[in-house]
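Should a chain be cited, it is by its letter among A, B, C and D, assigned in written order, with residues numbered from 1 in that chain.
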Amino acid sequence: MAKVVSIKEAAEMFKDNMTVMVSGFWGIGAPEKLLDALVETGVQGLTGISISTALVDRGIGKLVASRQLKKAIVSYIGRNTATMEQYEAGDIEVEFVPQGTLAERVRAGGFGLGGILTPTGVGTELEKGKQRLTIDGKDYLLELALKADVALIKAHKADRSGNLVYRKAARNTNPLMAAAARITIVQADEIVETGMIDPDMVMTPGIFVDYIVQG
Amino acid sequence: MAKVVSIKEAAEMFKDNMTVMVSGFWGIGAPEKLLDALVETGVQGLTGISISTALVDRGIGKLVASRQLKKAIVSYIGRNTATMEQYEAGDIEVEFVPQGTLAERVRAGGFGLGGILTPTGVGTELEKGKQRLTIDGKDYLLELALKADVALIKAHKADRSGNLVYRKAARNTNPLMAAAARITIVQADEIVETGMIDPDMVMTPGIFVDYIVQG
Amino acid sequence: MDKKEFIARRVAQEFKDGDFVNLGIGIPTLVGNYIPEGIKVYLHSENGFTHIGPMLENENEIDPELINASDQHVSILPGGAFFDSGVSFGIIRGGHLAATVLGALQVDQEGNLANWKIPGKKTVGIGGGMDLVSGAKRVIIAMEHTSKGASKILKKCDIPLTGLNCVDLIVTEMAVIEVTESGLLLKEIAEDVTLEDVLATTEADLIISPDLKKISV
Amino acid sequence: MDKKEFIARRVAQEFKDGDFVNLGIGIPTLVGNYIPEGIKVYLHSENGFTHIGPMLENENEIDPELINASDQHVSILPGGAFFDSGVSFGIIRGGHLAATVLGALQVDQEGNLANWKIPGKKTVGIGGGMDLVSGAKRVIIAMEHTSKGASKILKKCDIPLTGLNCVDLIVTEMAVIEVTESGLLLKEIAEDVTLEDVLATTEADLIISPDLKKISV
């Protein structure tokens, strides 16, 4: 059952060496306040899972700039100068995952699947260390589920039961990551009473949400 | 691009020996008009994919009653007396699939995945003929994607671009099946002009929809 | 008190405030009627929503597009949400339910469960049962202790399984039994039965808890 | 006419009315500007919507939560819909796009594509490219024919691949080449180049189409 907490209370849940999923596409749909709070705690050795490392001052990119990530599981690092520098210097480990595979691995983690078979990456260097299976004459790679200790989610609207609504392109990985972590913390632009969101219009059901902070 | 057609035009797409996905849970969320039209065509030798075979007069159950299904891929047949009789008599083949596995197999088919790893069914007789994989000490079965020639979908509202909205428990497998067939035909309670559905509220994007009939 | 009510009342004590739970058909469904005061439990409906509300009898209150997984016209409580079958079983498989309560034909001391198929009888199907036992955080079996005098709690199930090593707790009108690493732990027995009664009607080996208690409902 | 515009105009002829298409960065993006009259093409944005509309320049029209995959403030046209990353890549991987248009570092005569990694240079990532080439119905490469005078159309790619046997059509400022079972089929050449020019600047083997045509844009 979701609980509305302060940013300070949320920040107390951040610990060294956690795996953190962070939503957002170039930072759009990322919970910036929660990320600022995470930067402020100074916790270290994090593994970050996100579409990309965004930009130095946006989304998960802030955690690279603050040197809190020891590892990034992402599809792209190119626009974050901090990631590029740390990657070259060997200060951050990067696991490159095709964007669609990343989305499915996160969804699998949240939905109790061990993994999925995707044609993406067959015959490329990403195949290294992975099982290739042929089904009806087509080749697929077995890609394994991803889970996290904490998911940091950005919603437009949340009710007090944790039901979430997103706006436009800010949805991206939010609904997938919300289900895939032990603790899911949502930053909502607006927090409304339970019953104020039409149950047909809910994009992430409250069952996936643990904590809500006012954005 | 979706196209609004008459029931008669839709019925012309039904052919012998097709694989048909039919949405609905006990017939709720099933496109009854399209099913009636399919019964009327008398096409034979169909393979039906649905959550259950529903009831003799509801949802996919009608296709069993009319003896048009040679095979049903479902999680349950118990409330359809026609399925029970034909199954006992060897007149219909039934592939039992756990309900959650069925949903994932259909989704995989629509989304280009070859299959998924699920813990469901490990150590049961459903494991027969399937690959078991152990990931991080947990066992999973490899379940393969399902696709169809035609998906018969029931929406509450459709715009002329094929964007769909469902109501309440009538959603069930509709959004998954809409993506998993070569031809997707929607029966909509209401057809509205393009632009009349908020793009944030669309539950099935029009890209998956081929034809719409008035419900 | 009726046997079934007794079992349902005891199972209902297992929940914590805020738990999301899926209740199977039969005795499990009754559990929803006996949630202790001060505890809120949210019911998941596998056909695609949470927060199942009361059944509706009045024709003009009924929404034809709102049924539960047993095809009954129910309502949805504030805080609930609708979703598709993929999400619904993602909730189940992904460990988002605190518990599922199910009936059983047989349970054994390894925690195996059989409840979908009787050899020689018509197979009706699996439904969502195999998903529930593979995914819910706790699998609670609510059933009568015996069937036609025969034990349903066995050393080893001898009919097709629904799930392997999946059962966490067994609640009957006679006993509450926990499935542990070392075997079945008898934790509680009913007021009106003796330990000997329980042992005599249970084929499985039972470890008797050092603080064996009486079931209180 | 500028080389890039020329390539983009030729690629734009490949679409049918009603096609959903994903356009990569660079020349592919330009293709959207040259869709022939009478043809409607709907653009898919991998960050989660269809029906990409014009870019917005006016500060007070911009919605901070509406960007395309290149982080540009765009709009959405009527008929479009928003969805999550799972659905967005389900569309890509599931064959729901009629085509994707991408740039390339190298393409070879087996239809292999390399466009994400140059050995010795900093790796910036994969993005959605590998998904696009594995899933779109047609993969169209829009690129300049050579890079610093060197052919980009090779017998065999010698840098890390993005996709295996995935390219369907190559459009450059010099030629239109189809990838067939038997190899690269040269179908069209630009007005101002000779067959010899094309052969001289293409390392791969080319099968010359019996009805070789001039590119018309």
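Quick note on the criterion: a contact is a pair of C-beta atoms (placed from the backbone, for glycine too) under 8 Å apart; a residue touches a chain by one contact, two chains touch by 3 or more.
Keep in mind that what you see is a predicted model, and the values were worked out from it rather than measured.
Minimum number of contact steps separating chain B from chain D: 1. Following the contact convention of this document, B is the list of chains adjacent to both chain A and chain C. Each chain gets one centre point, the mean of its Cα atoms, and the points for chain A and chain B are 31 Å apart. Distance between chain centres (mean CA atoms), chain B to chain C: 29 Å. Rounded to a whole number, the gap between the C-alpha centres of chain C and chain D is 55 angstrom. Listed for chain D are residues 49, 76, 82-83, 86, 89-90, 92-93, 134-135, each touching two or more other chains. Among all residues of chain B, those that touch two or more other chains are 104, 107, 112-113, 118-119, 166-168, 199-200. In terms of inter-chain touching, the protein chains here follow a pattern that is not a line, ring, star or complete graph. Going by the touch rule set out above, the chain pairs that meet are A-B, A-C, A-D, B-C, B-D. The touching residues of chain C, counted against chain B in their complex, run 45-49, 63-69, 71, 76, 82-86, 88-90, 92-93, 112, 117, 122-131, 134-135, 160-165. Per the touch definition, chain A reaches chain C in the complex via residues 1, 107, 109-113, 159-161, 163, 179, 194-195, 199-200, 202, 205-208. Residues of chain C touching chain A in their complex: 17-18, 20, 40, 42, 44, 49-51, 76, 78-83, 86-87, 89-96, 134-135. On the side of chain A, the complex with chain B involves touching residues 104, 108, 112-119, 133, 135, 138, 140, 142, 144-145, 165-168, 199-201. Of all the residues in chain A, the ones that touch chain D in their complex are 25-26, 28-29, 51-52, 74-79, 84, 87-88, 96-104, 107, 118-126, 156, 166-176, 203.
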